[in-house]
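Shared between the two complexes below is chain A, which pairs with chain B and chain C, respectively.
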Partner chain A sequence: MANIADSIYNMRLLDDLARQETLIHKLHPLVKLLTTVSYLTVVVSFGRYEVAGLLPLFFYPVMVLALAELPLKPILLRILLVSPFIIGIGILNPVFDQQTFELAGKEFSRGWVTFLSILLKSGLTVTAALLLIATTGMDRLAGALRILKVPRIFVLQLLLTYRYISVLMEEVARTLRAYSLRAPKQKGVHRSAWGSLAGQLLLRTFDRAQRIYEAMCLRGFAGEYHSGEINKISGWDWAYLGGWVAFFVLARMYNIPLLIGSLLTGVIR
Partner chain B sequence: MSHHKLEAKNLHFNYPDGHNAVKGMSFSIHHGESVGIIGANGAGKSTLLMLLMGVLFPNQGEVCVGDVQVTKKTLPMIRQRLGMVFQDPDDQLFMNTVYDDVAFGPRNYKLNEKEVEKRVLNALEVVGILHLKDRAPFKLSGGEKRAAAIASVLSMQPDILVMDEPTAALDPKSRRRVMELLRSFKHTKIVTSHDLDMIYEMCDRTIVIKNGEIAADGVTSEILVNAELMDACGLEVPLALQNCPVCGSKK
Partner chain C sequence: MHMADALISPVVGGAMWAATAGVAAYSIKKVQTEMDEKKIPLMGVMGAFIFASQMINFTIPATGSSGHIGGGLILAILLGPYAGFLTIASVLAIQALFFADGGLLAYGCNVFNMGFFSCFIAYPLIYKVLMKKEYSTTRIFLASVLTAVIGLQLGAFGVVLETLFSGKTELPFGTFVLLMQPIHLAIGVVEGLVTAAIATYIWNARPEIMEKASSGETIGNISIKKVVAGLVAAAVVTGAGLSWFASSNPDGLEWAMIKTAGTAELEATGGLHQQLSDLQSKTAFLPDYSFKASEEEPEPSGGEGEEAWPAVDGGTSTSGLVGGSLTLILAALVGGGISLMKRRKYRINS
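The block that comes next holds the complex of A and B.
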């Protein structure tokens, strides 16, 4: 049961991180959103066999991580959380891909290359999304989406879903605690109680969500979520966006590792 | 100051399952009054508060704040005047920081950010938790959460403060602090509670509810000492007014 209670605290970690005041945190949320979107576009635009081309793109998350003074471990843990899905998607590629290539005198299926490329791409994209939330926060991100004229209803849905996850998890934690205290010899929940437990949980969460909604309405909530004022985009913000986009474009157009390699070998010769 | 007046006229309310929770309640609360609403579990206190706040609408009768009837149309204006502190502060606090939570109401009324900040800091200072403004609400203690919930309503500067069990689940010191806090407000106050000692100390007037009807309405010091009435309504005389638990002598 401690796991669930822990994860409630862990879940809010990204919000806590987002409240720091570093160079990256102070950037305009819209700029960070656009940078992330262009980064994601470039990462997924690489072909399935192009692994080397992806390597320079590691530079972006590493820089953001360092400049925003974020702890590495919790971010890595969250990437690991999605890794089973990614491995599940890519693991059969080496079996199905009939083409082979030679490395160190041995023959390998080219499926391993596509598998590696899926791993890298998903790792990079998930990291970029996590970094965006950990340096911006959900509320300000929603503000950025509103500036982009994303319909109010979608933004609200995103925000409230994010909020209500913790409501649901708190209810789960409470229900499971109550269950385990009266079923000391059981591991987990017995299947005879699954139905009623899930049903109860759903109803209780509805109730709780309803009360929270009422509390919001009583304080003048009328469909628009105001997360405070967002400053205007400054010259420095534009420079940040421009710099990164230029780098992404370069990394997409030229194979930077190859260029550096040939440059180095040219110098050595 | 007629706009601080709150009037309930012959309220009736049935829940969709047919349960008749409120049966013909009428009363009028004037500016600056502090009124306790008491009754046994299931007597209809919470339903009554929901009707007053416009969360539920009566099947018959009407609620008026000032001279304005509470209807769907007038709700935004009504809710700016009436602030409600929920029984469970967790229902009320859902933003990332205490500051954002207290700012939620003022921001919804589209005040500029400077005014919002002024109100938030002021409200937090009044309830004495200014130092917690950047903390996450779910990490606060029970008493701190309650204070934050009260601040989140005060920042809207309501004319009438409605509180559902403000002292429930608080330790004695926190309870005392919340009571002192509430006493210092010059607003019209409406408090429901089972903490009859608190009602005795804080409210000049008490409305006793029994089975969805008003069983008594009058001066607190007369109603709460009426052992017969209290007993008939599933309540008892406040502990402070009962005999000494050690020697049994009358206080």
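The block that comes next holds the complex of A and C.
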């Protein structure tokens, strides 16, 4: 999250993607939220030596990606961006778990299995979270939170934060550009300007908040943020949720790749 | 400090979600009763400010490197702990959703590590106490650095504990602590220095903002005690409930704790996936993983609660490899097929 332009671009991209009208986008936001949460729970509930059992769970992101007509590249990029920390922690597993096992005639440390398992889980969970926002959008997701009885203040606050991020990021970008033009050959903000640069921005933020509040009051703000109609949950929505949850439970209980594999190798034998 | 979903277990994630929800509910009640609604847009815009200001790189003197702020402390200073906590929570929600910075299941952990410790422990117990008498540049400086350092140390320790209880890494407790705490000492000092610079500037330019913030709420020790008590209760009930529901031994989480602390060796597994993998080993691990025999393999005989290392032999790993590759190929084919069909439909339509 170092680069402002990248961050603004990323948020706008996800906003844009969420505005499509595909099969997945039309689903009820609450259904998508619940599906995502059950998916994440199932993925992280796998033991640390599990690799093969996780593979059937690839079906969910692949299907949603395809049905929602989302581009693969930005999501893969995001996975790469967040993986250094995961790799940093996971790469120590082969160091600490030296017990070995044999696969295809070669010896491997068990730690590599746990490492691979963490990597898979990381990729799957990051993708699932991004798919949720890329097919739902912030406003509709906030609607789902309201249906779940998340307090009004929090949802309102979340939406306001979201709404003003791009405004304030642009302001920060302008300020930093102005600063860097006046402070050549300098990597960051010099100590002498720490307080005044960030403090000025903060004071402007306070004033902006005041103006926003007054504008909201003039337009009849009475404590509720209306983000448009959200339809009732239809039968099709329930079927979507039920179908996926049933699949996740099956994939959790049965090691599907192993079953397929043993069936095939058994037949060959 | 953002934790990812891949490193936590459902039990830890669920318990921390419950604890965070408890603190958030209490904070919302406080904000509703004690503040005017003017503060809501302020909270929203301040959240956006924190988000944006994390992009500013502050050059750290004499090191050549630069750092950015997390913002938990400045929020607590300017908005008070309750509104500050809620604002941090919404910033983290947006980071998790749009940037995959921290997972959704780990969201409870992240809000707790980055919001609770700075807003409800470090801020009232250090910053408020040091700033009680008077405002001065030196005092703001001292209080900010100390508060930021302690808040971040607690947060980093939270990360260590949550990761270890989840049992996904093999990192021994000591190594992990030695990795996390010193790094966050440095981060905490930077956070404190930048926060102090901003707070001093605001104090000089618009002292009424600081005064209003600090006089607005009565942060007596009682309310803090209430928060902590409620929170501990919520976490314990959920943790215990989840573990009981989840594991064959009712005190799975406690067991994991003792085991971790006692042997410094990571065998901890949360309760839920233990039971699920028991279930799995009963249903799926047929002898030799082929369909020839019908007897069930006895339950994994590893130590109590120890995760079963599947007894892999040459044949089964071949089955796993073949089946695994087939599953992935199938998934790719399904996805590719749908995309192809969609594209063709567009071409026909256009």
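We adopt the following convention: the second predicted complex is superposed on the first by the 238 of 269 C-alpha atoms of A that agree within 3 Å, B and C clash if a C-alpha of one lies under 4 Å from a C-alpha of the other, contacts with A are read in each partner's own complex, and residues count from 1 in each chain.
Heads up, the rule we're going with is that a residue touches a chain if its C-beta (ideal position, glycine included) is under 8 Å from a C-beta of that chain, and two chains touch if they have at least 3 such contacts.
Predicted model, so just to flag it, every value in this text is computed and none were measured.
Peer 1: Consider chain A as the common anchor and indicate whether chain B and chain C clash or fit when overlaid.
Peer 2: Partners fit side by side after overlay.
Peer 1: Any idea whether chain B or chain C touches more of chain A?
Peer 2: Tallying touched residues of chain A, the top partner is C.
Peer 1: For A:His226, select first, second, both or neither according to whether it touches chain B, chain C, the two together, or no partner.
Peer 2: A:His226: touches chain B, not chain C.
Peer 1: To make sure I follow: the centres are taken over C-alpha atoms, the vertex is chain A, the ends are chain B and chain C. What is that angle to the nearest 10 degrees?
Peer 2: Given the fit on chain A C-alpha atoms, the answer is 100 degrees.
Peer 1: Thinking of the overlay built on chain A, is A:Ala52 touched by chain B (first), by chain C (second), by both, or by neither?
Peer 2: second
Peer 1: Figure out whether A:Trp194 sits in contact with chain B (first) or chain C (second), or with both, or with neither.
Peer 2: second
Peer 1: Looking at the overlay, what does A:Arg12 touch: chain B (first), chain C (second), both, or neither?
Peer 2: first
Peer 1: Looking at A:Leu218 after the superposition, I want to know if it touches chain B, chain C, both of them or none. Which is it: first, second, both, neither?
Peer 2: Once the two structures are laid over each other on A, A:Leu218 reaches chain B alone.
Peer 1: So, A:Arg163: does it touch chain B (first), chain C (second), both, or neither?
Peer 2: Both chain B and chain C are touched by A:Arg163.
Peer 1: For A:Trp112, decide between first (touching chain B), second (touching chain C), both and neither.
Peer 2: Neither partner.
Peer 1: In whole Å, how close do chain B and chain C get at the C-alpha level once superposed?
Peer 2: In this superposition, no C-alpha atom of chain B lies closer than 7 Å to one of chain C.
Peer 1: Which chain A residues lie in the overlap of the chain B contact set and the chain C contact set?
Peer 2: 138, 163, 167, 208, 212, 216
Peer 1: Applying the document's contact rule, which stretches of chain C touch chain A when the two form their complex?
Peer 2: 2, 4-10, 13, 24-25, 28, 31-32, 37-38, 40-49, 51-59, 61, 64, 66, 69, 74, 78, 86-87, 89-91, 93-101, 103-105, 163, 167-172, 175, 193-194, 197-198, 200-202, 205-206, 209, 266, 269, 272-273, 276-277, 279-280, 283-285, 289-292, 307-310, 312, 314-324, 326-328, 330-332, 334-339, 342
Peer 1: Help me check something: in the complex, which residues belonging to chain A touch chain B?
Peer 2: Listed in rising order, the residues are 8, 12, 15-16, 19, 137-139, 163, 166-167, 170, 208, 211-212, 214-222, 224, 226-229.
Peer 1: For chain B, which residues are in contact with chain A within the complex?
Peer 2: Answer in residue numbers: 53, 55, 76, 79-80, 82-84, 86, 88, 90-92, 94-97, 100, 103-105, 107-110, 113, 116, 134, 136, 138, 152-153, 156.
Peer 1: Using the touch definition up top, name the residues of chain A that touch chain C in the complex.
Peer 2: These residues of chain A touch chain C: 1-4, 7, 10-11, 14, 36-37, 40-41, 43-53, 55-56, 58-59, 62-63, 65-67, 69, 78-79, 81-82, 85-86, 89-90, 92-93, 95-97, 101-105, 110-111, 114, 118-119, 121-122, 125-126, 128-130, 132-133, 138, 141, 151, 153-154, 156-165, 167-169, 171-173, 176, 186-191, 194-203, 205-206, 208-210, 212-213, 216, 223, 252-266.
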